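Heads up, the next two complexes both have chain A, just with different partners, chain B and then chain C.
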Partner chain A sequence: MRFLYGLSTSLADDYKNAAVETIMFAIEHNFNVVEIFCETPDVLPDKINQSRILEINKLARENNLRIQIHAPFHSLNLASFNSRIRKASIEIIKDTIILANKLRAPIVTFHLGLCFLPCQIDRESALKLLVESLGEIIEFAKEYDIILAMENRGGKLDIGRLEDLLYVLDEISDEKLKVTFDVVQANAVGDPLEYYESLKRSIVNIHVSDSPRGKSLLLAVGEGEINYRELVTRLIRDKIPAPLIFEVSNKDKAIKSRHVLERYISDLISE
Partner chain B sequence: MELNLSYLDLFLIPPYLSTHNIENIVNEIKDTIHNIKFTIRAPSFSENLASILSSIRDVTIKEYIETIEIAHRLSLDGVIIKPGMMFHTEKKCKADIMKIFEENLRKLTELASHYGVKLFLENYYYPYEILRRAESFSYMYELIKDYENVGFALNIPHLLESRSSVDFLIRNCNDKVLSKIKLIYLGLRPSPWEKSEYIQSITHSYYEFIKLRKKIKPEYIVAASIDPTVTKLLIDYLRESA
Partner chain C sequence: MRVGISSLVAFKEDIENVMFFAQNNGFSHVNIFVSEPHFSLFKDRTYFKQLRRLAQNLGLLISLKAPAFTQNLSSIDNDIGRIAVKYYERIINIASILDSDKVIIRAGMVFYPEKLHPKETFQVTISRLIHILEKAKDNGIKLLIENYPYDFDMIRDIDDMLLIKKYLRKIAFAFNIPHLFALKRKNFDINKINYVDVDCFIMGPPPSPYHVPYNIRELENVIALYYDVVKIRRKELILASVRKDLILRIKSLISEK
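Entry: the complex of A and B
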């Protein structure tokens, strides 16, 4: 089994040219995937121009690079009690799906939402609203043949804990709804290996960075306390076909992370 | 009525309290408690005047304008808004985003002035908030100083949660900036707008208020909590100190 390694455009130095800058770096350093974070000014789903789309498609095609998409998430809330915010959030995800289709990206990663005061008092209703929002988005994604990958989150206000994802997967059993496993977000609130075991049947994408236990820093693999050696062993054992996307604090850490993971794999093979 | 209040701060949280039912609720309260004054908080959770996403900015502006219009129509004293948040992308594109933010804020301050409605900007505690610690009050003051009807709603629990304090605020903001604080929120840390069991923080919040009251004379003081016991306790403290 060979892993696909990828970079998030959140690594870019110049956010006004984040997608192309990251793609050029990925080509230069032989990465296989670029995950475009659609919250930078060059690729906002409702603002991106046609020439930028053509440029990204050309670079990806000529260099055999896979493109995938991360939807905007700040201020979005698919579980909001405020119907205006919820509708705006749904529309932004739909625009992102359309963009993914134009960029021939098979996966759109997205966040479920946030739990503010009304949700803190009545989480059950918030989750029902979330499922309703997702139903609409999944139907839309089907028209474009896009897989939606909900990301686990560990922030204080985030909806995205393991139990939230399992609830959603239980409520919506649809082949178009999968999971982006963010290892460091799982580490912030629990044991990443437990998250992995509970979610592995649905994982189609993995965000990789390292951190001390209980935190969500963006360190290179090996610089924190996450047991990546064991995680890689299980990914190979379970034949999980998910790219490993480095969401670290700079490009050097992405290269370092890939090097460390390849060493773990090499050790496994030699064992 | 039981607490003998002269003023209420309403928080628009759709669908519970929204543009659809606010008028009836205000009228009902006015019928029960004569001469009561009101301020109203615009929806303030995901709202962001500084978002890089135009649709989020548009929803925010729309909600804030509607709230100002409601205040005008129902003769409420003022409107409280959350100015905005600068996440990673917004920080990376700060110059462009701040232009958009300042333009949006100007629209709102002018509308509020036009209607004779007071507009108060509230501080929040997350690291990405535009109005958070003492230095951000000074920055924001420059944007609002020419508008007599525009000021700050100082949320003391938020101030404390952002590792700041009233002492720090007094040391770092001149008298003109401090005089713009027209409304004060007291409550539990981390926030009156979150579920909290940090009951001990009530006294901290109160003593910070006492320090500030020696320096300024706010027009409105709000005991804010989702727990009625906490609200009542705060009101008792405030009455004793008066």
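Entry: the complex of A and C
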């Protein structure tokens, strides 16, 4: 089994040109995937210009690079009690799906929402609203043959803990709804391996960075305390076909992370 | 000194119940926490007029607190910004029907996209705030900005208030004491509060009355901070918590002092 290694555009130096800069770096250093984070001004879903789309498609096609999309998430809340906010959030995710289609990206990663006070008091109702929002988005994604990958989150205000994802997967059993497993976010609130075991059947994408236990820093693999050696072993054992996207604080850390993971794999093979 | 309560105290109940609770416990004012399903901005005018009449009959004043979760006045996404402005405009209209004297808002939040554009973010925030201030003024309502303790918040402490006051000379503030406490500022000069127009104080359990779970162990320290502040400034107090027992406890702790 060969892993696909990828880069998030969040590690670009020039945010105004984050997508192309990251793609050029990925080509130069033989990465397989680029995950475009759609909150930089060059790739806002409803504002990106046609020439930028053509440029990205050309670079990706000529260099056999897979493009994935990460939807905007700040100021979005699919579980909001405010129907207007929820509607706007749904529209923004739909715009992102359209962009994914234009960029021939098979996966759109997104965040489920935020849990501010009304939700903290009445989480059950918030989760019902979330499921309602997701129903609409999934139907839309189907029209474009896009997989929606909800990301686990560990922030205090995030909806995205293991129990939230399991609830959603239980409520919506749909082949177009999958999971982006963010290892460091799982590490912030629990045991990443436990998250992995519970979610593995739905994982289609993995965000990789390292951190001390209980934190969500963006260190290179090997610089924190996450047991990546064991995680890689299980990914191979379970034949999980998910690219490993490095969401680290700079490009050097992405190269270092890939190197460490390849060493773990090489050790496994020699064992 | 007038003491009011946030309607959060009965978030799963009707506002009417909060009013009776306020009257029975000697509060003079109900600050309505505007959030579905507790309080909907989209009920008809008759409902708001009935609410106003009930408050008058019970001898209570009403104000509105517009919590902003994703309604972000600082968003550089124009769609989100427009939603936020419309939301505050609607609240000001309702406040006017309710005969409220003030609306408390959150200034804006600076997330990743906004951090990439600090100058533009500040400009759009100010221009949206000016627009809302005008709207409030036209309706005879005082617009108050509340401080929040989170890293992404535009207004966190008195220095932020002083900065924004340079651009919005007539802006006033709802000074949230537990939020200030949560910042854990060392060598903080509380006397600076003399330079900003504080309309009311908000007291509740730390780290935030609007975020559960609470850290009750720190409550007495927050009350101590409140007393440091009221030595300098004395203004109306609004107590906020989702728990009735805590509201009454804070009220009694403050009365004891």
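As a convention for this text, the second predicted complex is superposed on the first by the 271 of 271 C-alpha atoms of A that agree within 3 Å, B and C clash if a C-alpha of one lies under 4 Å from a C-alpha of the other, contacts with A are read in each partner's own complex, and residues count from 1 in each chain.
Going forward, a contact is a pair of C-beta atoms (placed from the backbone, for glycine too) under 8 Å apart; a residue touches a chain by one contact, two chains touch by 3 or more.
Fair warning: this is a prediction, and the values are worked out from it, not measured in the lab.
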| item | value |
| --- | --- |
| Superposition on chain A - do chain B and chain C clash or fit | clash |
| Which superposed partner A:76 touches (first chain B, second chain C, both, neither) | both |
| Which of chain B and chain C A:2 touches, first, second, both or neither | neither |
| Which of chain B and chain C A:239 touches, first, second, both or neither | neither |
| Contacts of A:85 with chain B and chain C, given as first, second, both or neither | both |
| Partner chain in contact with A:125 - chain B first, chain C second, else both or neither | second |
| Those residues of chain A which chain B touches in one complex and chain C touches in the other | 15, 39-41, 44, 72, 74-77, 80-85, 88-89, 91-92, 114, 116-118, 120-121 |
| Residues of chain B defined as touching chain A within the complex | 13-16, 43, 45-48, 51-56, 58-59, 62-63, 85, 87-89, 92-93, 96, 193-195, 226 |
| Chain A-facing residues of chain C, complex | 8, 11-12, 35-38, 67, 69-72, 75, 77, 79-80, 83, 86-87, 109, 111-114, 116-117, 210-212, 242 |
| Complex contacts: residues of chain A adjacent to chain B | 10, 15-16, 39-41, 44, 46-47, 72, 74-77, 80-85, 88-89, 91-92, 114, 116-118, 120-121 |
| For the chain A and chain C complex, residues of the former touching the latter | 15, 39-41, 44, 72, 74-77, 80-85, 88-89, 91-92, 114, 116-118, 120-122, 125 |
